[in-house]
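Next come two complexes, and both contain subunit A; in the first it sits with subunit B, in the second with subunit C.
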Partner chain A sequence: MRRLLATSLLAALSAAAFGQKSAADGIAEYRAMLADGNPAELFEAKGEDLWKKKRGPKNASLEQCDLGKGPGVVKGAWVEMPRYFADTGRVQDLESRLLTCMETLQGLSAKEIAATPFGKGEQASMEGLVAWISAESRGKKLNLPQAHAEERRMFEMGKRAFFFRGGPMDFSCASCHGEEGKRIRLQDLPNLTKNPGDGIGFAAWPAYRVSSGELWSMQRRLNDCYRQQRFPYPGYASDVTIALGVYMGVNAKGAESIAPAIKR
Partner chain B sequence: MKKTLLIGAGLASAALLAGCANAPSPAELDQQTLAMLKASFRDQGIAKVDRLEQDLGQKACSSDKPPAESVAKQIEAEALASIKWPEGGRYIGDWREGEKLAQNGRGMTWTDASAEAKANGANCYNCHQIDKKEISYGTIGPSLWNYGKTRGVKDVADPATAAIVQYTWGKMWNSKAYAACSNMPRFGHAKLLNEDQLRHVMALLLDPKSPVNQ
Partner chain C sequence: MADPMRIRAQAAGDKTTVRVLMSHEMETGQRKDAAGKVIPAWFIQEVTANHNGKPVMTAQWGPSVAKNPFLQFVIKGAKAGDKVAIAWKDNKGDSRTDEATVS
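Right after this comes the complex of A and B.
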């Protein structure tokens, strides 16, 4: 399948080699081809099984996990995260919340899972879980709560982190995602300081990456952004990643989630 | 407090929330953000946490608002003073090597083995249009198509072109000399490229024989 898609991209691009306008058309055509059949569905099915399966030292499922809308309520939870959780006293995104549930309900080690490389061990379970949980909010509009003081504080810190310039190239998130209509190479860049619209930016992740054949969670997406910014390594489910999620998610209020989307 | 708080340890939220009903001030939020960043990042390969330490320019340009004019002027003056001009006034290398560097987007990430300049690409096409034949280019920076030609560079050795040749070197060595909060990396100043590599990119932009100026 990946080979077929790569061939399609080549065809689309070479047909478009005459100029910029047609190159953009070629990319649009390629994306339309991708949209027909998203392998993220395989991850969704796996995630639903993992949610219901008894696992871990406590031999329990995640069905009593509270994602913010009450124990076991999955529909609509994704478009309201990150949010404040009274039991942990923290603002949590989906993945940091799943770590809490995997630890308290199933007896798995959150610290160990956070230290596991993407796609390996329980991180592979995470891919399925985020695919299914986000899919249960597909078509719903982003509506992150800001009622709690801690949610508003995380928004403010997320904004500061978004504009924080550092590293050998002086980049910040805003260097690439702070203006309309910009792109790196041929890749369009959403302006995440504003609401980029339905299915774009925050509203498009997690996503299936055709180029790597993997399901990328929001944590993984942010991790790779920081790698490309030449920053040091952001801890999995660390507060900077959660704060950025609050900032981008609140900015995107009202945008329709298409997660898990499909990306080249 | 549960064990799960260990994840992302360092956030002082519990202490902050305990005694304070009012929202933190902007200055407090600045401090809390720095503490959050320090607690969230770790060393990985060549990318160490000291990369979070900001100099004056990085700090002053870390906001949705530009710095005060006086601060911007100070950043630009310090950047201008930091520029190292090429040995023996040799500004121009080989545009073919420059094109290879312009196409190369590698370097300085935590998955790269070496932080030496020779291991790095120049990343030019990520943000600029340069050669019109290349359709895969970025738009974060301005188009550099016909860079030398539109600036009247017919012979790089002609003293009449000295001003634009020097400006181009200075812009690549430390872009902040000419715009305090420029998005462009400081290729010479930050040791992202060595002098020979810079000469090659100079040639790509300025040599009348370079495809950029056809």
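Right after this comes the complex of A and C.
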């Protein structure tokens, strides 16, 4: 009798498990439904245009911009950034590199763009550019170089920034992203201290956010992480954000980039 | 002038699946800006689809449709090489037409 009860209970439980999806499954299903019509495509089209259009005081296009694979090479550039650039003597991520190009080639002020709020003015151009450039590396595996001493230094700096606790809630990036199986509300959080897998974490940004209808670049994503930790905002394209990019990017080595992805 | 739409039309048998991404703010008229003033409504009101110049679908939309809308529908009898044109008109009178070839 007891055995019978146990089996029927088990049957009832598994039926419930079938009927009710886990939150993660629900979110994955929702993303799959949206992926077909990812509005990031609209940003990609804009970005390609912006790359080729002559703009700025110097009336030049960005086609001579060197993203690390030689002037004008866009394909595969995204999965190898941030990296060291000899001409500026700095490790740069895509956005700080674009700032350099916009300044040197087009004559726009990098300082002014960095001070512009997200989504406004030239920052809106930035959204399109990162969407297109990252899309040109879609499906490729992350492979950030660590050959240069400066790149290894930035990795160490990024690691320190990642584990640095502070702010009114005594948070660090690692508080949420340093262990497996953590989540915020229903959202599973990737463990960014190692490779969280294909298309997760670093390999999923930039992404289109359905909730705000905007395309978020990596810099904007980091900015929001700091907001959630109640830290002061990091400067746009500042060294600490680049260092974090190096740390997360190197950790995610071998993961397939699906950027620009789609997020809730 | 609004940004172009992205239209994909793929034939499979006698059915052609058309997928359209439109670039539009789709303001509901219910939101307020930082100063507390209502942001005026601004949304697509009318969508039409033409297959080789012949209307095959019209839709009336309202403010509840999401920003940067995605629309998918099926046309019966369209073949590869046919033209599919999508047009929208918003409540401010702005409009946009884009065309794609069935593949």
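The definition used in the following text is that the second predicted complex is superposed on the first by the 239 of 264 C-alpha atoms of A that agree within 3 Å, B and C clash if a C-alpha of one lies under 4 Å from a C-alpha of the other, contacts with A are read in each partner's own complex, and residues count from 1 in each chain.
We adopt the following convention: a residue touches a chain if its C-beta (ideal position, glycine included) is under 8 Å from a C-beta of that chain, and two chains touch if they have at least 3 such contacts.
As the structure is a prediction and not an experimental result, all values here were calculated from the model.
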item: First, second, both or neither for A:Ala147, with subunit B first and subunit C second; value: neither
item: Subunit A: partner with more touched residues, subunit B or subunit C; value: B
item: Which superposed partner A:Tyr233 touches (first subunit B, second subunit C, both, neither); value: first
item: Contacts of A:Gly37 with subunit B and subunit C, given as first, second, both or neither; value: second
item: First (subunit B), second (subunit C), both or neither touched by A:Val210; value: second
item: Contacts of A:Ala45 with subunit B and subunit C, given as first, second, both or neither; value: second
item: Contacts of A:Ala86 with subunit B and subunit C, given as first, second, both or neither; value: neither
item: Shared subunit A surface residues [contacts with subunit B and with subunit C]; value: none
item: In the complex, subunit A residues that touch subunit C; value: 34, 36-37, 39, 41-42, 45-46, 210, 213
item: Of all residues in subunit A, those that touch subunit B in their complex; value: 13, 16-17, 19-20, 23, 87-90, 96, 99-100, 103-104, 110-111, 114, 149-150, 152-153, 156-157, 159-161, 163-172, 174-176, 178, 181-186, 189, 193, 227-228, 230-243
item: Sites on subunit C touched by subunit A in the complex; value: 3-4, 6, 19, 21, 23, 26, 66-68, 70, 72
item: Partner subunit A, residues of subunit B touching it in the complex; value: 1-8, 10-11, 13-14, 16-17, 23-24, 29-30, 32-33, 36-37, 39-44, 47-49, 51-54, 57-59, 61-64, 105, 108-111, 115, 125-127, 135-140, 183, 185-186, 190-192
